[in-house]
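Two complexes are shown next, each including subunit A; its partner changes from subunit B in the first to subunit C in the second.
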Partner chain A sequence: MIESPSALPNPNFAVQKRRLRFLGLTIDDTIRAFFGGNAFVAVVVLALITFFLFREGIGFFVQNRFNVELYRQAGLEYVDHIRRQADDHAALSRYLSDLRLRQFSILTEREKRSLADTNTALAPFDTFAEQFSASADPLRALLSDLTEQATALKTKFVVTEDRKEERRQLLAVGKLAEAAAVEIVAVDFARELQPLIAMLPTYQTANRDFARTLAELIERPPALVQVELASRLATFQRFTRDYVAGFPAIERAMAAWDYRQPVPVWHALTSFIFGRQWLTASFWQDWYGILPLLVGSLLVSLVALFLAVPLAVGAAIYVNQIASLREQRFIKPCIEFISAFPSVVLGFFGIAVLGQALRTLSQQSWLAWLPGFPFSERLNILTAGSLLALIAVPTIFTLAEDALNNVPRAFKEASFALGASRLQTVLKIIVPASLSGIISAVLLGLGRVIGETMVVLLCAGNRIAIPDFTQGVAVLVEPVHTMTGIIAQEMGEVVRGSVHYRALFVVGLVLFLLSLAINYVAQGIVRRYRISIG
Partner chain B sequence: MNPATHLFQAKVSGARRHEKWVFALFRFATYFVLFCGLGVFLNIVAKGSRTVFKAEAPFVNIAFLTQAPESLYLFEWEGQKREMGDREFRAFKAAHPAAAQVPTESYVYSAGGIFPCIVGTVLLVLGSMVIALSLGVSAAIFLIEYADDGPFIRFVRLAILNLAGVPSIVFGLFGFGMFVIFFGWNVSLLAGWFTLAFMVLPVVITASEESLKAVPKGFREGSLALGATKWQTIRKNVLPYALPGILTSSVLGIARVAGETAPIMFTAAYVVRDKLPWEVDHWSDFFFQGVMALPYHIYVVSSKIPQNEYTERVQYGTAFVFLIIVALIATLSIVLRNNLRDRYKW
Partner chain C sequence: MTTRPPSAFARSSALSANSPASRLSPAVTPEVLVAIDHVDFFYGATQALNDICLQVEAKRVTAFIGPSGCGKSTLLRCLNRMNDLIEGTRLSRGTIKIHGVDIYQRDVDVIELRKRVGMVFQKSNPFPKSIYENITYGLLLHGRHEKKHLDEIVERSLRGAALWDEVKDRLHTSGLGLSGGQQQRLCIARAIAVEPEVILMDEPCSALDPVATAKVEELIQDLRSRYTIIIVTHNMQQAARCSDRTAFFYLGKLVEYADTRDIFTNPTNPQTEAYVSGRFG
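On to the complex of A and B.
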């Protein structure tokens, strides 16, 4: 660039023109500063995004620690030991009913028995299942008592805190009389928790009876109608024995439990990062764990990339290396046109057409060998992933095509001159030479897909739970919720300043940092592995 | 072998067949993508055009394009199935008092039209593009014309690159935290404008830089040699040649702005609003009002109301109108750019 004349030392010209100066700046300097300021806006915006996400989100960790602390102090943690025990029992009951369903379908479909006949055949099994389910009744009664007590204590504490806040506000505006009128009853946790802890001997007695009943039940299992299901029944027996064997550990944990045990400071952070539950507005205890959302986001993105990468890179290679000029002029604008599809329209397409179409496809008998087929949820990871693939393809295609374009002509010519065929040149010279660019294109595509909101909000099924990975690839037809989706869905409904509100900002912060990291890695790959053109 | 072939005739070998197959695979990938895109487009167009167009004159469903959304009422009257919008139904009840007792089914937003949404989207796009263009073009001028390479400029470029990768929902959260809460603008046009403008800023800056770079160096050198100042050079000899390029490339940014839902969800969009944007008491209220927007309306009608033949009309109709608007903008930018490429050759 040429130095501007004003920067030169001022020689003695015959005609001299005084430059207008304002605050020591000439007009040109001012203009330059103005443009420079505009360029700086990008930096400012990035800084502001970081600042405001932190500003709204950082309070989450304080409030969440308080949340977790209250969970312990009000005895909810104590009661949850028993709750977990009851939940495990329910899971075993579900296993039994699944076993019944299998027997039922074999009897009716394979052996073509009538409905009444089948039910008669399964009657002993049903009696067993009922006995098994009823064995936990005393435990459940105890649990519901304790739940009520703990919830009452928690509510009492929350009300007290609200009153304190009210008095503080009244004092702040100088209404002393009103402030004094606000009644505050300090919650004495030690006294209030006494009845809860006093339940322990009752629980231990009940537990012993429970264990004995289960052990007796499990020793005389019902005769199965089909022999091939015997292994499942054996598994059930093993599970139940393990379950009963776990009882003493629970009792020990409850006996050792102490509400005064301090909650570590980092617990607020770890319960967020490693928390396996995102549970809000629950009557019992709210949990803000990002894991189910992160897993959902990643699964959907992986499906999208798995579909999009071969298509996009293949199309880029085709357009750049193989297609005729006329084909290029047709295909490139078309793919750009696809990139202009609004994501909300794609999401609507998923709800209205694709979800149903995929489900119908999965119910075809000739596709039954595929894992997870047939599935019943219309909106799931697969539906959202396929639509996201359509969003990712133009991004990856454009960047990958650029990377292929940047390979010097000489490489290709040299390859041809050595007698390589076109295929050899493309696959062994051009693609490896531009591999760094292609990989960074894929990464940027990943960034685009993870940050996409509307498609996953409308089509991913919005079930907040870590999907069941034990079923292998079939996990891909389960509904999930994602980080972007949860922000879009819950932001409009939360109370400003609440833990929930701040938790959503922290999820946004995680997304922001994730996108920065992806960008950083993509740029690093391009810089580091760029082939030198010399 | 055909005896007429000459010595250097390519032989049909296994390797060549293999090559053909692999290339066919690549070609298949390309056309499969185009096919999927076309499928989505045609599905929306085919079903949406039934709502927007009619068989008889004037062929366009004017009510759908010029009215506000209403609830749809379904009921049986004198043995016939009737369906009416909210206002029509009220008038009908006034005329036939017995109709008030008839059991009805109702679906929100399924009657009337989408006029306020179209207006809101146009306002959002125009405002945010004005802001984004003025910021983006100035930034590009600085980066290309003034800046010398240095740590500061590399920092700015890094920021622009990273800004381009930030998810749109994060922009929405940021706009909510800064404009809606911190500045106290509430859910308003102004908050939406700035949020969207910051989101497309990287696109506009990159497009402007490309166009400025395309103006030959000789234009600047000639002007400076004749004694013009830097600013005079830029204003008279660079910008006029770069501006068409800047504008056409920015049109693609417009398409992106118009298509985004997540950033305006908490900053500018209302689910429903009775008044049109210009029906305000005081002119300054104009900037601080929320609006209805097409993308948000599509989200609302596709997720909050059940899917059936009555609601399908408004769902597909809205999606169709929106898709056509965005597609027109995108096509315009692509055509303009191709024309420009042929026109300016230095």
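On to the complex of A and C.
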């Protein structure tokens, strides 16, 4: 009889082991959980930031629509028709004073006349200018009245809203008696706007007089002391005629104006995206248009890239392809060291040294042929852009150098073996093979620059206006404000939850989306590049 | 073939009188094209070549064999001065003459030299460009731009490299899309497009499968009538199959240099015998 093999495990085959456990986890599990946890935290933080940005930002559009609606209902929009008219008149007056300045400088500098003599010669012109300026006085008086009325109405409405809020808060904490005591007077826009609209005939009468005065004035212009300025006077006359010709349109717009006309929902978005004004804490009306900030950011970044790309890519090509080992060991750390400067130090340097130096340079007579030179603003796009270029150089250099390094050595050897010179090899083989890597390096540099805050806040000049593009390249010496700068500057002083506060969040959101898009494109290019090299 | 003085890569065109005639006449006694004379070569402080004397005959296939690190590739790369690209290398003694011109003289134009001495590398390395552009790259470098002319040379080179039939319909697709063997033949086509006199091949088949290897070897047989070929190989059967003359290197020295048949059947040096019979290396 054969014994059946034992079902019991053979004690010599000891492959089972009791592992050390901590809270039911082995050491391997603990390590796994630790690293997994870290990765998870990163994802959660990113999600939270994005969520927070969107939550705070989206509310802006509701509040901004309310803001624009109030602008209409309180009659501010109505009054702004006249305000624009008055502003245009002021611009014409400025044109006249500019004309006087030119005559003045010709008389004193070229003809060497004395001051008294010059003023006498210009007396007829001054009389004309004064008459021109004074012609708008009735209009301005009317505007001042209307402004007061509209502002009062707006204030009344805001106070009512505040009271409503107060009552809501009291009710929320259960103080019913106090809540009932809060007096709320609903604003009747139709009634309150009545005096405003009733002014229309008065305005029309005033406007007719105004138009007639201007037309008469313009027909008998003062004799200019210099003939060469005649064309400017003709321009002035044409501008004024155009201005007067626009009056009926203004009157029609005012007559057709209706406070009940609804503000479209999308207007909250378009007034933000296409808004040409960023005006806050104004006595009259706040506007949140991102355009001046966006244009400022883009201009500064483009100047920075324009300066940084040739420098950084050129240096990368030199270090990677041409320099000897000793030069490499010296140049690489030097360029990478630039990024060790805190940007606030660079900004400080920009104010104290670079801005001053650039302005002094621009005032050299032998450089006067350059567009925009000489300029008087020390802090402008050029100053900020130059410093940002310094910040972008290490990023672009390092990444471009990596891209060049990734080109297989075999390509270079093959090219040399066919009798190519060093320059031919670099230009025809190395750079084309690494082009996508270089482009993505430039894009990541752009991302770095567009998010940079301290330098632009300190050096860009912080004037919130779209720069004057009609000057061509000279636009680059104008001061601007940027998206990053405005957030840093204004976030500290806004009321939490106000429309201004939320507007800043939306600016941040735009910045975030912009950086995201740039990084996404750069990553996409890098991915394609890896495949093509194989 | 364009007629240019053989020593065109040297600005001083000395010693060129004897060569054109012998190139045209059928060689009874083979002409010496490359003369290597007592060459010492260093990578920094390490000596890679020690007193090498060797004469390569025109229109023959010469194989360099030997174990890894014996200096055969280094010597090959000396012949078109590719070692210049590596920092710290120097030819400390001796001369290398091609057509009687010392290619390490100061007045030698390295670019012209490399045009005349082409090279095929161990790992196929077509440029990340189209097949057509790979072939024309060398021609454009040397200032030949006429489209018709280029088309002609592309076809002739690809035919010369036995690749034309396989790629004629996709000349403008990337050279990197070809198989390994095709890529290597593309590299050979690229090298012969500029009409060199010497083609250096640095283990051209080591990364190829047997079928692709056979094709390249056939190609070498076809090319031997028109070019002087020097091939470095690890594969002794390959040396035996392809070459007319074989040089065996060991530890930076030339051990034996003779007709291939003699090296493989009747070596005079015991080290050579040990190596070719597979007892070491």
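Keep in mind that, in the parts below, the second predicted complex is superposed on the first by the 499 of 534 C-alpha atoms of A that agree within 3 Å, B and C clash if a C-alpha of one lies under 4 Å from a C-alpha of the other, contacts with A are read in each partner's own complex, and residues count from 1 in each chain.
To be clear about the criterion, a residue touches a chain if its C-beta (ideal position, glycine included) is under 8 Å from a C-beta of that chain, and two chains touch if they have at least 3 such contacts.
What you see is a predicted model; the values in this text were computed from it and never measured.
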item	value
Contacts of A:S343 with subunit B and subunit C, given as first, second, both or neither	first
Partner chain(s) touched by A:A123 [first = subunit B, second = subunit C, both, neither]	neither
Partner chain(s) touched by A:L361 [first = subunit B, second = subunit C, both, neither]	neither
First, second, both or neither for A:S421, with subunit B first and subunit C second	both
First (subunit B), second (subunit C), both or neither touched by A:A234	neither
Touching partner for A:E452 - first (subunit B), second (subunit C), both, neither	first
Subunit B versus subunit C as contact partner of A:V62, first or second or both or neither	neither
Broader residue contact with subunit A after superposition on the shared chain, subunit B or subunit C	B
Subunit B/subunit C common contact set on subunit A	421
Subunit A contact footprint on subunit B (complex, rising order)	15-16, 18-19, 22-23, 25-30, 32-34, 36-37, 40-41, 43-44, 135, 138-143, 145-148, 155-156, 159-163, 165-174, 176-178, 181-182, 198, 201-202, 205, 220-221, 224, 227, 229-231, 252, 255-256, 258-262, 265-266, 295-296, 298-299, 302-303, 307, 312, 315-316, 319, 322-323, 326-327, 329-331, 334, 338
Partner subunit A, residues of subunit C touching it in the complex	80, 82, 85, 87, 111-115, 118-119, 121, 123, 125-129, 137-138, 141-142, 174, 176, 187, 190-191, 194
Footprint of subunit C on subunit A - complex, ascending	324-325, 408, 410-421, 424, 428-429, 432-433, 532-534
Residues of subunit A defined as touching subunit B within the complex	1-2, 4-6, 27-28, 31-32, 34-36, 38-43, 45-46, 48-49, 52-53, 55-56, 310-312, 314-315, 317-319, 322-323, 331, 333-338, 340-349, 351-353, 390, 393, 397, 421-423, 427, 444, 447-448, 450-454, 457-458, 484, 487-488, 491-492, 496, 504-505, 508, 511-512, 515-516, 518-520, 523
